[in-house]
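Have a look at these structures, which come just after this line.
The same chain A turns up in both complexes below, where it pairs with chain B and then with chain C.
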Partner chain A sequence: MGPYELLSLFFQFLDSFAFLVLATVGLAIIFGMMGVINLAHGEFILVGAYATTLSFHSLADLGVPLALPIAMVVGVLVTMVFGLVLEVTVMRRLYGRLLDSMVATWAISLIMIQLLRIQFGNSIDNIAIPGGNVSFGPYTNPYYELFLVGAAIAVLIGLYWLFTRTDFGMRARATIQDKETARSMGVDTDRMYMTTFVIGSGLAGLTGALYAPMQSMSPEAGTGFLVEAFVTVVVGGTSVIVGTLLASGLLGLPKAGFEYAFNSQLIGQVAMLVVAIVAIRLMPSGITGLVESWRQSRRESND
Partner chain B sequence: MTNTVLERLRAPFEGPNTTGNSTAFWVVLALGVVGLLAYPSIASGGAAENMSQYLAYAFLALSLCFIWGYCGILSFGQVAFFGVAGYTFGIVAINIGSYTGISLAVVVALFVATAFAAILGYFMFYGGVRDVYVTIITLVVAVILHRFMGQTAGSEWAVGDARLGGYNGMVGVPNDAIGFGSVGIDMTGTGLYYIMVGTLLATYLGLRALVNSQFGYAMVATREDEDRTAMFGYNTEFIKLATFTFGGTLAGLSGVLYMFYSPGGYINPDVFSVSAAALPVIWVSIGGRKSLIGAISAALVIQWFNNRIDGWLSTGFELPALTPSLELTTTTVVPGNEWSLVIIGSVLLFVILVMPEGVAPRIESTVHRVLERLERRREQRSQSADVEAETETEVPE
Partner chain C sequence: MLTVENLAVSYGNTPVLRDINITVEEGEIVGIVGKNGVGKTTLIKAIMGLLEADGGTVRFRGETVTNPSGHRFEGTPVESLADTVEQSASARGPGSGVLDTLVGPAPDVPANGRATRGMGYIPQGRDVFPELSVEENLRMGETINAADDDPLYDVVYDYFPILEERATQDAGTLSGGQQQMLAIGRALVGNPDLLLLDEPSEGIQPSIVQQITEDLTRINDELGITILFVEQNLQVIQNLATRCYAIDKGTIVDELGPADLDSRETLAEYLAV
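Presenting the complex of A and B:
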């Protein structure tokens, strides 16, 4: 394996890693905070992607400059509003009812897939990938993929800042740790839940907006995002940032490696899912649980 | 005297774990069975054939109801066992061919589905995987199977004479009769229909007896509080494994019966798709996950509705975005109809929000309440009659 092949493999890994991080964070935040698995997460991403694509085309027709960035902002905002509406009407009745919430959000997902199909047909016009290509040896890679890696890392850093350095983050963590005590200390936990759900939706919308130029969007595309996000959250465990980061790294490796070795996306995906199943079997409470128990044992040996 | 014989006959099927322990329930059930038996004579041949398909699905609903409602294991991947049994049936039946081959295919398919469930269950339950993680692993298994079977289009993907066929599916599985050599029982048309009704009734009664047995109590205890049940000395891992494995058998039976129904002996990877995987969850959630009869009824009614709604809507008003995927509806599990999925999804959402326990338990409690009220009213009336008579303490019924 020459240097070019290694570099290409490395790019493939970065690509998988960024995809997993971006597909996962929105789901992970909602799961970590409310203990609710949002099975409509893939369709939230689609809302972002559809809103971005449609507004991009109408903006480009009007000749507006910077149409893509503006369309992406529109995509994120639309998804946030969408998340807010669903939170108020449905989700807030389901907090703490894990299995019910899964079934209910699955119902939402089915409804949305079908509504998207009825409204927009089986596919919509793509956006071209912006920016040029970086080429090395016989390989080329769009710059945009590197931009996505940067975006994934920026999102993680942003969330770290949000949850550890701001007043909101403090209240959010208090709500996760002990809802009753947080309430008695004056934290409006219902509002924390609502805000968190909207942030999670916004991140899903961002993912949709960022991947709108990369993938052809169809009503079923949400399932692809969902399954990978789903296993990454579960392998990661309840800690949003550490869990997402480590799990994306762990699952990105077999995905990129097998995809590269067999030159088949399908085998990469299957390898990733198999690794995920084994990982869940070996670490039932996710990587975060493992990190947690490792920390604890270190603390005990120090005492 | 006949009363006590009937009561003794009913006893093993009744208990705290089933809805419907009254004479009225058994009468309604008997009427329902009679109605199902009479259906082919009343409805057209096509409608009866469709109903065979829904009857096959009812076993899939029962399998999820059994493991989720009674043992708390929410599996999103029951279709995996359904599909594995269907494909196994196809592979064996195509390769052996005769009536003996079809009989053998039934046995092998059920065995493979059961063994698959046992291995997966052992892997999960003895590894401490619980709750939502079980749900996710089962869904991922279905998704892996979907993607894997989808790429088996090449001619190298064949077992003997049986070509897997990728997304186009496996075709021409012999499924017309079951037996030995040249002697067989007809498994087509109304014959198949009656066999399905009989098997479904037997399975339903068997499951009722099972969930009201000692093992059923242990299942429910595991569902309610696993740690406490383990404290009392029950081997909860084994209980969950046994339940999940038997659930796999039931789903496999569903897949085998589906293959007997399937026109042209056809199965494709869409049986593993996410929208197919959603169906059992929809039936059982709406029907009532702690109610076996609720799950069966919901599967029959929802699939029937799913088939009909399209006709109703397309005659009612114009649908601009009708896609050609409609042609698939007769041969795949996936509901291809445009609006039916939206409507069924909305009903599911409504049920989860308004009556989380499902429709059948709600009907039972409503009937119960109405009967109690009638009873109370009758008592009041008899009491006032007492006061008026001022002599007797008991009024004969």
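Presenting the complex of A and C:
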């Protein structure tokens, strides 16, 4: 394998890694905080993608400069409002009820798919991938893929900052660890959950906005995001940042490797799912559980 | 400072507390004594707002924090209904009229609202946030008593120097006694008007219990903070309380003054000895 091939494989890995991270964070943050799995997560991403694509075309028709960044901001905001409405009407009744939440959000997912189809048809006009291409040897990749990698890393750093360096993050972690005591310290935990859900929705919207130029968006496109996000959350466990980062790395390797070796997305996906099954067999509480028990044993050996 | 009237609490359909009447004056240290399973923790949680009251009222610094109009009305005489309307209106502060009361009952002030009004709660088994650092645990207490935004870190570190030494350590790595100090410090940082303690001596070695008892007396003495605690350790009760209520089978059965507290026999009657 020559240097170009290695570089191309590396690109493929970065691409898979960025996709897994961005597809997962919104789902992970809601799972980590409220213990519910949002099976409509893919449709949340689609709301962001549709809002971005549709507003981009309107803005571009009007000749507005910087139409794409503006449209992406619109996509994020629309998804946050969407998340807020669903939180108040449905989600807040389901916190801590994992199975009930899955049934309810699956229903939301089905309704959303049909609504999108009724309103916008089977597909909407694409956005062209912005920026040029980077070429090396026989390979070319869009610069935009590198931008997505940067965005994925920026999102993780941003979340790390939010959860470890701000008062909001501290209260959020306290609420996860002990809701009742957090309430008796003056934390309005209902509001905390609502805010977290809106942040999670905003991150889903951001993912939709960022991938709007990369994929043709159709009412079923959410499933592709959901499957990978779901697997990554399960492998990662409850810790939002560490879990998402390590699980995306762990699953991105076989996905990129097999996709590259067999030149087939399907085989890449199969390889990823096989690794996920093995990982869950070996680490039932995900990577977070493994990290936790390692920390626990280190703590005990210190005593 | 705190008035509890005819408080009743149940878990589902099982009544746990009934006819609880307690008053705590400003600056007092009042104990609630009783055996395991008589409803001590339930009572302190209901006062804090972590459990909903079925009936009766909790008044804190003159404000009703339970919702009298939300309780069952069966058998309520008409004149007390009028009182209820009045109380509920005043509970929601100025500007709210009888009309609001008729439109819908004011909800209980939840635990977080009672904390910002000045209740500092120290749960049974400490319940420090194990994966937050010692300093972060203390910062969590800053929100207690919203009227006072000057956190008392100096005071807390003066009482419990170990907390300053261990500031960056995860709270879960502290010993039981240190966690109890952290739980007290966390409630103290916000400068509460009332400290509610649920069995401060439980699972802590005797020498540390002695020290914590002295610290609590100092906190009451030097900062003027009122203390209501639940306990079944005879020594702690004798050293700490100025006055006690004895609770048995879900209701207050006796009130004990200083003379009763001096007598081991009187106290032992209400404890699992």
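Some observations on this one:
Going forward, the second predicted complex is superposed on the first by the 303 of 303 C-alpha atoms of A that agree within 3 Å, B and C clash if a C-alpha of one lies under 4 Å from a C-alpha of the other, contacts with A are read in each partner's own complex, and residues count from 1 in each chain.
Quick note on the criterion: a residue touches a chain if its C-beta (ideal position, glycine included) is under 8 Å from a C-beta of that chain, and two chains touch if they have at least 3 such contacts.
For clarity, every value in this text was computed on a predicted model and none was experimentally measured.
Bringing the complexes onto one copy of chain A puts chain B beside chain C with no clash.
Once the two complexes are laid over each other on the shared chain, residue contacts for A:I37 go to chain B alone; chain C is not touched. In the superposition on chain A, contact of A:A182 is made with chain C only, not with chain B.
Residue contacts after overlaying the shared chain place A:A261 against neither chain B nor chain C.
In the superposition on chain A, A:V227 contacts chain B only, with no contact to chain C.
In the overlay built on the shared chain, the residue A:M102 is in contact with chain B alone; chain C does not reach it.
Which of chain B and chain C touches more residues of chain A is settled by the count: it is B.
Contacts of A:A60 after superposition on the shared chain: neither chain B nor chain C is touched. In the overlay built on the shared chain, the residue A:Q119 is in contact with chain B alone; chain C does not reach it.
Put simply, the three-chain overlay gives an angle of 90° at chain A, taking C-alpha centres for chain B and chain C and rounding to the nearest 10.
Remark: least CA distance from chain B to chain C after fitting both complexes onto chain A is 19 Å. The intersection of chain A residues touching chain B with those touching chain C, taken from the two complexes, is empty. Those residues of chain A whose C-beta lies close enough to touch chain C in the complex are 167, 170-171, 173-174, 177-178, 180-189, 299, 302. Contact residues of chain C toward chain A in the complex are 48-50, 110-112, 114-116, 119, 121, 123, 127, 129-132, 136, 139-141, 143-144, 146, 172-173, 186, 190.
Touching chain A in their complex are the following residues of chain B: 74, 123-124, 127-133, 135-137, 139-141, 143-144, 147-148, 150-151, 274-275, 278, 281-282, 285, 319, 321, 323, 338-339, 341-342, 344-346, 348-349, 352-353, 356.
By the touch criterion given at the top, residues 37, 90, 93-94, 97-100, 102-104, 106-108, 110-111, 113-115, 117-119, 121-122, 223, 227, 230-231, 234, 266, 269-270, 273-274, 276-277, 280-282, 284 of chain A touch chain B in their complex.
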